[in-house]
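Notes follow once the structure below has been shown.
A, B, C and D label the chains in the order they appear, each numbered from 1.
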Amino acid sequence: MPILGPNQYGKAENRVVKITRDGATHHIKDLNVSVSLSGDMDEVHYSGSNANVLPTDTTKNTVYAFAKEHGIASAEQFGIHLARHFVTSQEPIRTARIRIEEYAWERIATAGEDAHSFVRQGQETRLTQITYDGSSWEVVSGLKDLTVMNSTNSEFWGYVKDKYTTLPEAYDRILATEVAGRWRFNWSDDEQATPDWETSYEQVKKHMLKAFAETYSLSLQQTLYQMGSRIIDHRAEIDEVRFSLPNKHHFLVDLEPFGLKNATEDGAVYFAADRPYGLIEATILRDGCEPRIPVDLTNL
Amino acid sequence: MPILGPNQYGKAENRVVKITRDGATHHIKDLNVSVSLSGDMDEVHYSGSNANVLPTDTTKNTVYAFAKEHGIASAEQFGIHLARHFVTSQEPIRTARIRIEEYAWERIATAGEDAHSFVRQGQETRLTQITYDGSSWEVVSGLKDLTVMNSTNSEFWGYVKDKYTTLPEAYDRILATEVAGRWRFNWSDDEQATPDWETSYEQVKKHMLKAFAETYSLSLQQTLYQMGSRIIDHRAEIDEVRFSLPNKHHFLVDLEPFGLKNATEDGAVYFAADRPYGLIEATILRDGCEPRIPVDLTNL
Amino acid sequence: MPILGPNQYGKAENRVVKITRDGATHHIKDLNVSVSLSGDMDEVHYSGSNANVLPTDTTKNTVYAFAKEHGIASAEQFGIHLARHFVTSQEPIRTARIRIEEYAWERIATAGEDAHSFVRQGQETRLTQITYDGSSWEVVSGLKDLTVMNSTNSEFWGYVKDKYTTLPEAYDRILATEVAGRWRFNWSDDEQATPDWETSYEQVKKHMLKAFAETYSLSLQQTLYQMGSRIIDHRAEIDEVRFSLPNKHHFLVDLEPFGLKNATEDGAVYFAADRPYGLIEATILRDGCEPRIPVDLTNL
Amino acid sequence: MPILGPNQYGKAENRVVKITRDGATHHIKDLNVSVSLSGDMDEVHYSGSNANVLPTDTTKNTVYAFAKEHGIASAEQFGIHLARHFVTSQEPIRTARIRIEEYAWERIATAGEDAHSFVRQGQETRLTQITYDGSSWEVVSGLKDLTVMNSTNSEFWGYVKDKYTTLPEAYDRILATEVAGRWRFNWSDDEQATPDWETSYEQVKKHMLKAFAETYSLSLQQTLYQMGSRIIDHRAEIDEVRFSLPNKHHFLVDLEPFGLKNATEDGAVYFAADRPYGLIEATILRDGCEPRIPVDLTNL
């Protein structure tokens, strides 16, 4: 008889918006929360008995109730509350994994004192994943859809050439990518002090952007390493960083047939291609640490 | 024999990125340009004769060549160059319609003097559509995907109740929408001075956001009217505004079964729904002007 | 004071699934229904008074209640019921427009007599739009996302060449497109017999596909005309057809650098491009009829 | 100094269409091919030296050249050719992973003998992933976006109830899901005979659908187990199956306020919800085999 391997279940993509009022000044947290539970779940697969199954509908209710009861200090803190609850309150549940997307809003400037109007920032989506097995924690945070470009200071040459190689070497090209990044915290134990999750996120994003901008790049791999390395060097709370960086190709358009010179040094016209794209993926580790972020990044 | 009605053709979604270098400071324009031509095109439909057809591939080449030759001062100005070219250079082409999406980038702060690093802003997408028939111009600009929210100062009551009405009245609700807007300029003639397209866009967006934030709303229709009306009142170059505003419902979650009070006045928890959504669409006109923006807004 | 132009409102994207049981054999209708109402709606825009406003929530309830009360014989018939109801039951509402997407399902073959298992077909999405102003009807049906390809019998040559033309002529190319089509019925009056909507749809799709496949094409415009023309010729209930056909380019890959001949006559390897794409749009009319389908097709 | 962890690079989403001509009868293969290479790649990350880097552009060229040279008997066979080439032809490359999406086309029925017209089937997308490290092979195939529904024979009751549980038990509900599945072949060695990849895919899909349709379901987990188990039992070439099954909720609409009874036994009206959704994920293994398919399924 075929046997059951790794499994999990829960309610995905619970969209929760929490407004906090501080007089006329309102604050907003806008999350998309996914719950995955695992444990003693053989019977529900083999016979359909739900005796050990907390309904996914209940996990949804818990998300909304906790947003009211505990508030949302940060996505990470909220996920920790939820994960702890599921693992400690139901015996058959051994592990909980909470994934959260967070959407940022900024204030709309208005004439009066009121501050309850917001416009969605729309840049990157912030991410976190909390995993708890009853004894230790793993927190991996990250972001996706952050598009960046250097319009110069990127080269690509000196590569292997085989019979299928036709690419000319480039000494001044556009380097653009849509950053998907994840970073793992070394916090794993309730005895340790938790990081300041909000500050950590802002600082990681800042270092990532600066490393992208300030690296004179001979390959996207080199830029990726600098981005990860700078985070490890500046943020003691993080042991591992992984990036998946599509090389969003911008091809110099051949305008010679029309009697026009299109050269990078004068400012140039590019075709921004969709597919195919180079895809560069790597993990950067604090020396002595093991890689645990999976090879393939997934959104939620 | 069935006969040919309205028709047009061209190359859609030409992705063009133009870098301009001012020493170490680079500037960027990032557009998605779609060309549609119409005119004396019966034969290509009836018999397949391409004798009057400028290939869509040629219209693509023209977009890239013009970006180099003329630069891109603004999406509107670039579209005007292109439309004029197609109508005046090919006898069978009587009308050209150029549609452009523009993606905004902001600079990444860096240590040195270099300024060639950018992060995509990611908020709204700016739009324009230029139509030229050889004698007069129509310019309709706009935006899409600008998500805004008021966390209070919105009510909804006093409506019609029929046998299918179950909705309770609301005296303090979230009002959120994803703005799709278009506005038509009254510039139509080469003899008139052209508006300052860049300033106009920034000001329209500013007025739209302020009107959204500062209106105490009894209905989304009222908010929409205020948004359009404020643009007409402040921007003399614009005669018509149309909005398509989905009512992005945020439902107060019922937490009573869990012994929790979830009331707007204390700050509350909401479920952000996807579908269905209310959809409010209307045109606001300068007094004496005719509506010309189509009832259905389309993206490109 | 700025004045109100064309406006409408309603609940969009009501997802309704209706199961009908005929013993152990079940039938399914799976629709996405959008309601738009217009009429005497000045005050809700100017002052926020909702005295003439039937809530969009009520229009949603009506969709679900009607699915139970009247069933869903076809998307068109269902839309007619809804539109008539809104216009005749509320004095301030003068016009109703109902848009419907329909998703097709086919049965999964099973061992027993039961027939309640379905797999979504996933090919095109069927569309209809019903407009009623209290006296006359307009029904425009259609489809989107139907991708078709001819791997030969397509040429493109004899076109205009200007200074920006570099495209070589083609005597054997792939012709592929993703059909978006709309067709307008000449039924407009309750006194006329209604068409058999289900049969009409199947026949229109069949003729469209056969015309695409059997036309030896000198231009995509010619193929488009044949597709529309064949519908007009075979379906007396239809007076107007409009297509928006992206030319989904398949470029012959240059394999000469690798010593390989890649010629269409031997079967060839193509790069399927995303953007840019040619876009061909046209209306085909029964002789003597006026075009009424808007130039820009919209999804819902 | 931070150190480099797991990494890979290559060209993603190479869209390749191969036409094969058998007289007037054409055949089509339509793939989206992604190449990922890894090996001795420290230097390109640390110093930017590309001395060991075969350009991603070259991997793209190789995909197109191989489609011509070797043809595409199946996605799996094509991936095996590519993976072997990269690992055996470049010393620094130790492992190649090829991911392929395949889009199915069916013929359009036409009058004549010609058979070169196709319509895209549009149902599921077929997937495969080939990994080769120079000595052993891993082939994981699968599909995504296959939406299925049982309109009865599904129950859900007898579950755990805690203080956040409000869900009523259900004795006759709709069960619908969008299948994402992967299955791992036990072929791993060039000495073994390869499976018939095309037959295998068709049979796996058939068994999966039948198991979904014929299982009287007490939980989606039970249905999932039956789907995987049936594949393991019928297909000796497969040792492991993993599914990610969103529970696409169809909620019975409450029509009581309108005096209507909406009961499943009479055929009923449902609201098809988008988010949140239950998400059920599990692996089913041939007894004695180890799980190797990652917990999170990724598209390409």
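Here, a residue touches a chain if its C-beta (ideal position, glycine included) is under 8 Å from a C-beta of that chain, and two chains touch if they have at least 3 such contacts.
Note that the structure is a prediction, hence the values are computed from the model and not measured.
Asker: So, comparing C-alpha centroids, which chain is the farthest one from chain C?
Answerer: Following the centroid criterion, the farthest chain would be A.
Asker: When I count C-beta pairs in contact, which pair ends up with more: A-C or A-B?
Answerer: More C-beta contacts join the chains of A-B.
Asker: Report, in whole Å, the distance between the mean C-alpha point of chain A and the mean C-alpha point of chain D.
Answerer: So the centre of chain A lies 24 Å away from the centre of chain D.
Asker: Centroid of chain A to centroid of chain C, CA atoms only: how many Å?
Answerer: Their C-alpha centroids are separated by 38 Å.
Asker: In whole angstrom, how far does the Cα centroid of chain A sit from the Cα centroid of chain B?
Answerer: 30
Asker: Enumerate the residues of chain C that touch no fewer than two other chains.
Answerer: 15, 61, 65, 164, 166, 257-258, 274-275
Asker: Which residues of chain C touch chain D in their complex?
Answerer: 15-21, 26, 28, 30, 61, 64-65, 67-69, 105, 108-112, 114, 116-124, 145-153, 174, 209-210, 212-214, 250, 253, 255, 257-258, 260, 262, 264-274
Asker: Give every residue of chain B touching chain D within the complex, in rising order.
Answerer: 163-164, 166, 257-258, 274-275
Asker: Quick one: which bits of chain B touch chain C in the complex? Just the residue numbers, please.
Answerer: My answer: residues 1-15, 34, 36, 41, 44-58, 60-62, 65, 89-90, 92, 156-162, 164-167, 217-219, 221-222, 224-225, 228-229, 232-233, 240, 242, 246-247, 275-287, 291, 294-296, 298.
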